[in-house]
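Each structure below appears as structure tokens.
Next, two complexes with chain A in common: one pairs it with chain B, the other with chain C.
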Partner chain A sequence: MSEFFILMKSELVITFIIFLLLFIKIGKGMKNELLLQWIQILLLANCFVGFIDNRDGVLFDGMFHTSGLIAFEKNILSLGTYLISLLCVDWLKKTPHLPEFFILMLSALLGMFLMISSGSLLIFFLSLELSTIPVAALANFDLDKKISSEAAMKMILSSAFSSGVLLFGISLVYGATGTIGFASLPSHLDGGTLQILAFTFLFTAFAFKLSVVPFHLWTADVYEGAPIAVTSFLSVISKGSIAFIFISTLYKPFQALHPAWNNMLVIVAICTMIIGNLFAIRQQNIKRFLAFSSIAQVGFILVGMTANNISGNSSVVYFVLVYTFSNLAAFGVAAVISENAGKENIDDYKGLYQTNPFLSWIMAIALFSLAGIPPTAGFFGKLFLLTAGASAGNYWFIIIAALNMIISLYYYLRVIRAMFMDKNDEPIVRVKNNPMVSFALIICAVGILLVGLLSWIYEYIQSLA
Partner chain B sequence: MNLSVLLLVPTLTAIAILLARNANQSRWIAFAGSAIQFGLAFALLYAFSHERTNGNYEQMLFVQQYNWFPAWNISYHIGVDGIAVAMILLTAFIVIAGVLVSWNVIYRTKEFYFLLILLSAGAYGFFLSLDLFILFFFLEVAVIPKYLLIGIWGSGKKEYSANKLALMLMGGSALVLVGLLGMYFSSGHEKTFDVLRLAQLHIPIDVQRIFFPLLFIGFGVFTALFPFHTWVPDGHSSAPTAGSMFLAGISMKLGSYGCLRVATWLMPDAAKEYAPIVILLSAIAILYGAFATMMQKDLKYINAYSSVSHCGFILLGIGMLTKTAITGAVMQMVSHGLMTALFFAVIGMIYERTHTRNVSEMGGLMKVMPFISTIFFIAGFCSLGLPGFSGFVAEMTIFMGSWQNTGLFYRVATVAACMSIVVTAVYILRAIGQTVMGPIKNQDYLQLKDAKWNEKLAAIILILGIIAIGVAPFWLNDLVRPGAEIIMQRIVK
Partner chain C sequence: MPNAIYIALIPLLPLAGFLLLGLFGRRIFKNNSGVIGTLLMMCATIISLYVAYGYFFEYGKVNGVYQKLIPFKYAWLVFSKDLSIDMGITLDPISVMMLVVVTFISLMVHVFSLAYMKGEERFSTFYAFLSLFTFSMLGLVISSNIFQIYIFWELVGVSSFLLIGYYYDRPSAVAASKKAFIVTRFADLGFLIGILVLSFYSGTLDFNELISRLTAPGSDQLKAAVTSSFMGISAITWGTFLIFIGGAGKSAMFPLHVWLPDAMEGPTPVSALIHAATMVVAGVYLVARLFPVFAMAAPDSLQIVAYVGAVSALLAAVIACTQTDIKRVLAYSTMSQIGYMMFALGVAKYGGENGLGYTASMFHLFTHAMFKALLFLCAGAVIHFVHSNEMADMGGLRKKLPVTHIAFLIACLSIAGIPPFSGFFSKEEILLAAWQQNRTIYWIGLITSGMTAFYMFRLYFSIFWNRDFNDHHSAHNHHGEGGGLITIPLIILAIGSIVSGFIPFGNFVSSDGSRLATGFHASFSIMPVSIGVIGILIAGWLYKKQSDKPDKISSSLNGLYKTAYHKFYIDEIYLFITKKILFNLVGRPAAWFDRNVVDGLVNFTGNTTQVISEKIKGIQSGKVQQYAIYFLIGAIGLAALIIYW
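Up next, the complex of A and B:
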């Protein structure tokens, strides 16, 4: 019994917070600001709980399993959620339905935790649904904006479709192998045609959720329409969790199909990097811009996944950690500016450095990290992904990836140029920095600068993997 | 001597500049930091020659190695040989001169000096590193400061130039990255980025054939290898004065040092096979650069295109693969670095006063600013290879080394390269004659003031370096030659 509490502690804490919020909602209710502070404290506590007594273990006949690496992955997601609750303070305070917002967001987080820990395709499917449907509701949270409802609609339709594909894939897997447990799958897989077909459907479902090209079409619209708090949750936490479970399903239960999924990965990785990058160049809206940039980043994650060894696994986890800091910093700045000045276009950022040097520097560091410029952590993240990818010996693939880094640099520099170089007679006025937001932005910046240089973080992940 | 100090001083200087309260403080901090670094570079030279005279013939001296990412076998591994010491000295000269000539920067001064010092930290780290990973790290550290320096403080079509430069250099480093990974994964059972260990391995020739071009072109982009030189004229002409000095004096040398240390040394067989192509491209660069300079009217463009030509000599020396030619190539790196920095400094001083860089609009500057005009003369003479200045020594050594290759192709290439010197003399003398000599064309120029203390100091520092090599080349030769010998040992095998 006590093992149950220890192994499922992250899930239990999140469930506890959800119920707490539910009771607060049903009961007298609280003022938004006070409630938000309590939520932030609870989320912070959740981050700490994640580090206590992590051990390997299996529950419910193998339906749920956890390990040091899985616990670490959950910690990354918790940390990201905590940072979002700080970064979007200005917007959250004004939301009329704050408890609901966090109930939905934490339900999605709970779904992701269960998904990462899932030990069979059944639990995986259920938790994937739990992690998606609340986010679709969240995307609709700018209640008075039409574009927000449109985003939610697009998201729910596309995720319903991908769930259908996934379910079909799972049923085919069961038909071909007679099992859906991750532990027993490897011994039943022999690379037969039906199995590969079944796996292709699974792969497609993953690709949908990760917004891998050609299944990315929902991403930009949803990102643009949803409130920034939700967009950043989608692009960082949701993407991260799917990347974690994707790599562990590929490497463990479906290891026998390695030749098949390796080819698929290489093809979609190239498409994803190129399309994501090329579309990012043309974007005007900062959220759409970051949406396409995150598609391209996923392409790089896929490059790392092709390694099919421990380095591949650890470099992907490491990159998601780095990406959490970098992308959240970028979204954080975008959120502050959108909330205070109501502007979301890259052209509006012209001359930002004249009025908001702090925000400009944070944005610059975040974008440099996304572009993979040293000494930011993004450099190490990208380099390790490429090194892991190169260990498979596919050098032309690595050359394509490396050249894509140049394209991505081009559009990241566009924003840098707007902020630092372009003159603007009416730049965005000086934004009053909320201490919470500044604190979170500084955590992100410190994370970006230190996660790379402090090598023990990577070594720690490698030791867990 | 603890080499990490050479990295620590610029890093701390950069941080201190960020903490400075006002523009003037940041100026003085930058100056103090670069002066300390200047002193340290000489201390390094002294310590290095002291060890050598005491019979320490280890290939790399003052080596430090700490595991950084054990999982990838990446270590913080630094050390110097004679070539690296020469490059560090060069960097120290240019950094202090660059800080001094930028004294008048009033727009975002703090950020300017921060980026300048950050760029120099990247360069120092690059020359010190003995691990390919940190070498690549420092190579990329130096890219973005250049972009921002040009884009924010530049002139003319600065955004375009800055973008072009950043993207081309990143493209170069992307190729370098793939080349490095290729070497890493062919380094045997225990994969390594360690330069010294890779230098003992024998990488299979098939692997070398694939990755040598990637590495050489990648580094070559930095050093204006034809046809990847197109960022040079735009980048230099748009950059602020100190930016041009750093670009031509340090950044282009990163590339040639990489071509030599990484591509040629670690992949000797492929270097030998591809040598004719390298020679062909560099001969084209030398002649093309020289003739393109003839057509230029803008002083910065003149110096930028002549840099393409002069850097061609470096690559020619590397491509010739003889001990003397490689020694000459390194000497040319130092010489061209100092000379071109001086050139850009003078151009900056003139532009600041006359607000034009067009040769035909100027004239008679000698009468109003004799000091600046004299420096201009000295830089010009060094550029066209007058004996007594460093340019002559370096180019002469390269020609001597090239002539040791007896094939017809080598001879033709050498002769063609030699001919460019005549062209160089034409455009240099024409440019100097039109700007400095003759009657004063514009009466406003009579009000112009001569150099200030900071400009004088910067120029004198650089001129001292140029003359020290020009008059007494043996010390540089003795410093560099053993390093060149070690590289050649692998080629002959």
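Up next, the complex of A and C:
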């Protein structure tokens, strides 16, 4: 019995916090600012719980399993959620339904935890839905904005469609193999046509959630319409969790279909990097810009996945960690500017350095990391992904990926140039820094700089994988 | 064995300077920033001179052969037992030489900038960037691991980007900084792939291990690298060639040189430090660092190095003859001289007498750093005085700027290869090495040498002679030469440009570490020196007396017809040769090729991306039904592709 509590500790803590918030909502309620502080403390505590007594184990006849690596992945997600609660303080304070916001967000997080730990396609499907539907509701949280409702509608419709395809795929898998348990799948897979068809439908669901081209079209509209807190949750936490489960599903239960999924990955990765980059170049809205650039980033994650070995797995986990820091820092700065100055266009960022040097530097560090320029962690993240991908021996593929890194440099530099070099007669006014936000931004910046330089982090991930 | 701590101080002092000035410069130190940066740099210079003395005269030599010493190594990222990225310090003749060059030139530039950049709004930022650059460059030269060198290589690129774009309110400076960054990053991509290829075959990232594994005849790694091929060319040739692409980008070799002339938008002291003496020779240094691999395992790549160097040397010299912006002339001359260093490496072989090119290349790197930094700093002094980069605004400055005049003359004589100035000795060695190994390249080098003398003295005469200085530019501002902070670095570098040629370089630097006897071959020198002298005479003849003409006409009206006729006649020939033949047939096409084909290719990539992204934006329509259809097409397409392929 005690093992049950230890293995499921992350899920239980999240559930506990959700119930706590429900009771607060039913009761008298609290002032937003006080409540927010408590939530932040609870989320921080959740981060620490993730480090206590991690062990490998299986529960419920293999429906749920956990290991050191899975615990580490959950920690990344918890940390990201905590950082979002700090970064979006200004916006969250004004939200009329704060408890609901976190109830929904944590429900989604709970879904992701269960998804990463799932040991069967059934649990996987249920937890995937749990991690999606609350986020669609969250996207609607700018209650007085039409664009926010539109984002929510688009997301729920697209997700429903994707879920339909996924469910069809799962039923075909069951039809072809007679099982949906991850442990028993490998012995039933032989690479038959029906199995590949079924697997393709499964693949599209992952691709949809990761915004892989051509399943990415919902991304830009949803990212732009949703509040920044939700956008960053979607683009970092949600994508990270999908990347984790995607790679472990490919490497373990569907290992037998390696030739098929390897080709699929190569095709969609090339499309994703190129299309993501081409669209990112055109964007004027900073949120859309980050959305498309994050599509391109996912393309690189797919490159790492093609490795099909331990270094593939560890490089993906490492990259998600780095990407969490970098993207949250970029979104954090965008959130501060949007909330205090009401400006979201890249042109508005011209001359930002004159008025807000701190925010400009954080943004610059984050963008350098996303562009993969040493010595930021982003460089090492990309490097490990590419070397892992290269170990599979497809050099043309790696060259295409590397060329895309150069293209991405162009548009990331464009924002940096706007902030530091372009002149503006009416730059964004000096923004008063909230200490919470500054603290979170500094954590991100330190993370970006240190995760790359402290080599033991990668070595630790490698030892877990 | 030397003490690692004080060697580590050499790069760490500038790093401390960067952090100190970057964080507190603008608020706390303000105008003292320059002094702080300069003092730290001076300490680093003294330490590196001490290290150089110790290495060359005390502990570096074992049985007459200079050893490669690794006083410090820290395994920073361990992939496996064999493969790790280390942070280390290498001491060998070339890295010690580079330590001295970088710290010394950087110190001179620091001192010069105290006066030159005085009153700039972002004075402390300038010094912070300067320190960052020096740190990165020093880290680059002492790297013991090929990956370490790559990291510092990129850092050098970033700090160069920051310094070129220092005048960020000028659009041209911003464009130039971006161009430099993107072009060199493009080349660095080759470098990175080259590193991956070489490390994959050698199974290590450590320089010593990599070189010994890939040069030992019959080793498994070498066999694998030679036998496996891609598009008919062996892996080792690919690897070394790709690494050379990285070097060619940083060193502004044809056709990746397009960024260097534009980079002259940066402050002039920066041009002296980065785009003349240190960063641009990083490519040469890189090839020299991996020279045993090039020479023993990949002779084809070395051939490419030789011809790319020779073509760059000649092409740049031709273009330099047609430029009127003095900094651009110097930029092209830099490219031309680096071309010399490259082809000297290219014609060298490993060990013994055949390694002369290697020694010569490093020797030229050393002397070039002195006289080219001097040229740029002089140009800075001139620009400071006339507030213009154009030759047309200058002339007759020898009385106004006497120290600058003498220093510039010394540097010009040196680069033109006139004895006994330093450039003579190093250039002789390069030409001798080329003569012994590859006559085609020798002739290219010889022609370039004559042209170098011509355009440098064209510059010299146009600035300091030609006509009386028209004072209207600085009528309100008679600040003269600008005091000791400007002239002292010039004097020190001028002395360096004279004496550095007498260093018996072969004793210290050679391809295999053992002593290489280099001598002065009087009979061989006659040809290059006389060609240089002819170049100078032509330049003097054409540019020195142009504005003297009116004086002569008034003083000797009687002899007017005869002298004027002959002068006129010769002027016509000259005009015909230069304007009609040289400019139109050689200079213009060269410049056209440069602008349209080389630049065009770079722009083409950018434009195509823009156009394609414009075309496909219709897909992102905002309609969910369409999104679902694309989703379905994607899913079915993927399934069909995988199943039926």
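Convention: the second predicted complex is superposed on the first by the 465 of 465 C-alpha atoms of A that agree within 3 Å, B and C clash if a C-alpha of one lies under 4 Å from a C-alpha of the other, contacts with A are read in each partner's own complex, and residues count from 1 in each chain.
Rule of thumb we're sticking to: contacts are C-beta pairs under 8 Å (C-beta built on N, C-alpha and C of every residue); 3 or more make two chains touch, one makes a residue touch a chain.
Every value quoted in this text rests on a predicted model; they were computed, and no experiment measured them.
**Student:** For A:Q195, is the partner it touches chain B (first), chain C (second), both, or none of the two (neither)?
**Tutor:** Once the two structures are laid over each other on A, A:Q195 reaches no partner at all.
**Student:** After superposition on the shared chain, which partner residues are touched by A:G393: those of chain B (first), chain C (second), both, or neither?
**Tutor:** Once the two structures are laid over each other on A, A:G393 reaches chain B alone.
**Student:** Considering only touches as defined above, state whether A:N434 meets chain B (first), chain C (second), both or neither.
**Tutor:** After superposing on A, A:N434 lies clear of both chain B and chain C.
**Student:** On the A-aligned overlay, A:T95 touches which partner chain: chain B = first, chain C = second, or both, or neither?
**Tutor:** A:T95: touches no partner chain.
**Student:** Classify the contacts of A:N140 with the two partner chains as first (chain B alone), second (chain C alone), both, or neither.
**Tutor:** neither
**Student:** Contact-wise, after the overlay, does A:N263 reach chain B, chain C, both or neither (first, second, both, neither)?
**Tutor:** Second partner only, chain C.
**Student:** Between chain B and chain C, whom does A:Y458 touch in the aligned arrangement: first, second, both, or neither?
**Tutor:** After superposing on A, A:Y458 lies in contact with both chain B and chain C.
**Student:** Just chain B (first), just chain C (second), both, or neither: which does A:S314 touch?
**Tutor:** first
**Student:** Can you pull the chain A residues that chain B and chain C both touch?
**Tutor:** 373-375, 379, 387, 390, 395, 399, 402-403, 405-406, 409-410, 413, 417, 420-421, 455, 458-459
**Student:** Under the stated contact criterion, what part of chain B meets chain A in this complex?
**Tutor:** So the residues of chain B touching chain A come out as 68-72, 74, 133, 136-138, 140-141, 143-144, 147-148, 151-152, 158-159, 162-163, 166-167, 170-171, 174-175, 177-178, 181-182, 184-185, 210, 214.
**Student:** Where on chain A is chain C touching in the complex?
**Tutor:** Result: residues 153-154, 157-158, 161-162, 165, 193, 196-197, 200-201, 203-204, 207-208, 214-215, 217-218, 220-221, 260, 263-264, 267-268, 275, 277-279, 281-282, 373-375, 379, 387, 390, 395, 399, 402-403, 405-407, 409-410, 413, 417, 420-421, 423, 455, 458-459 of chain A touch chain C.
**Student:** Mind pulling up the chain C residues that touch chain A in the complex?
**Tutor:** 76-78, 85, 150-151, 154-155, 158, 165, 168-169, 174, 178, 181-182, 185-186, 189, 192-193, 196, 230, 606, 609-610, 612-614, 616-617, 619-620, 622, 624, 626-628, 630-635, 638-639, 641-643, 645
**Student:** Show me the residue ranges of chain A that touch chain B in the complex, using the header's touch definition.
**Tutor:** Per the stated touch rule, the residues are 311, 314, 368, 373-375, 379, 383-384, 386-387, 390-391, 393, 395, 398-399, 402-403, 405-406, 409-410, 413, 416-417, 420-422, 455, 458-459, 462.
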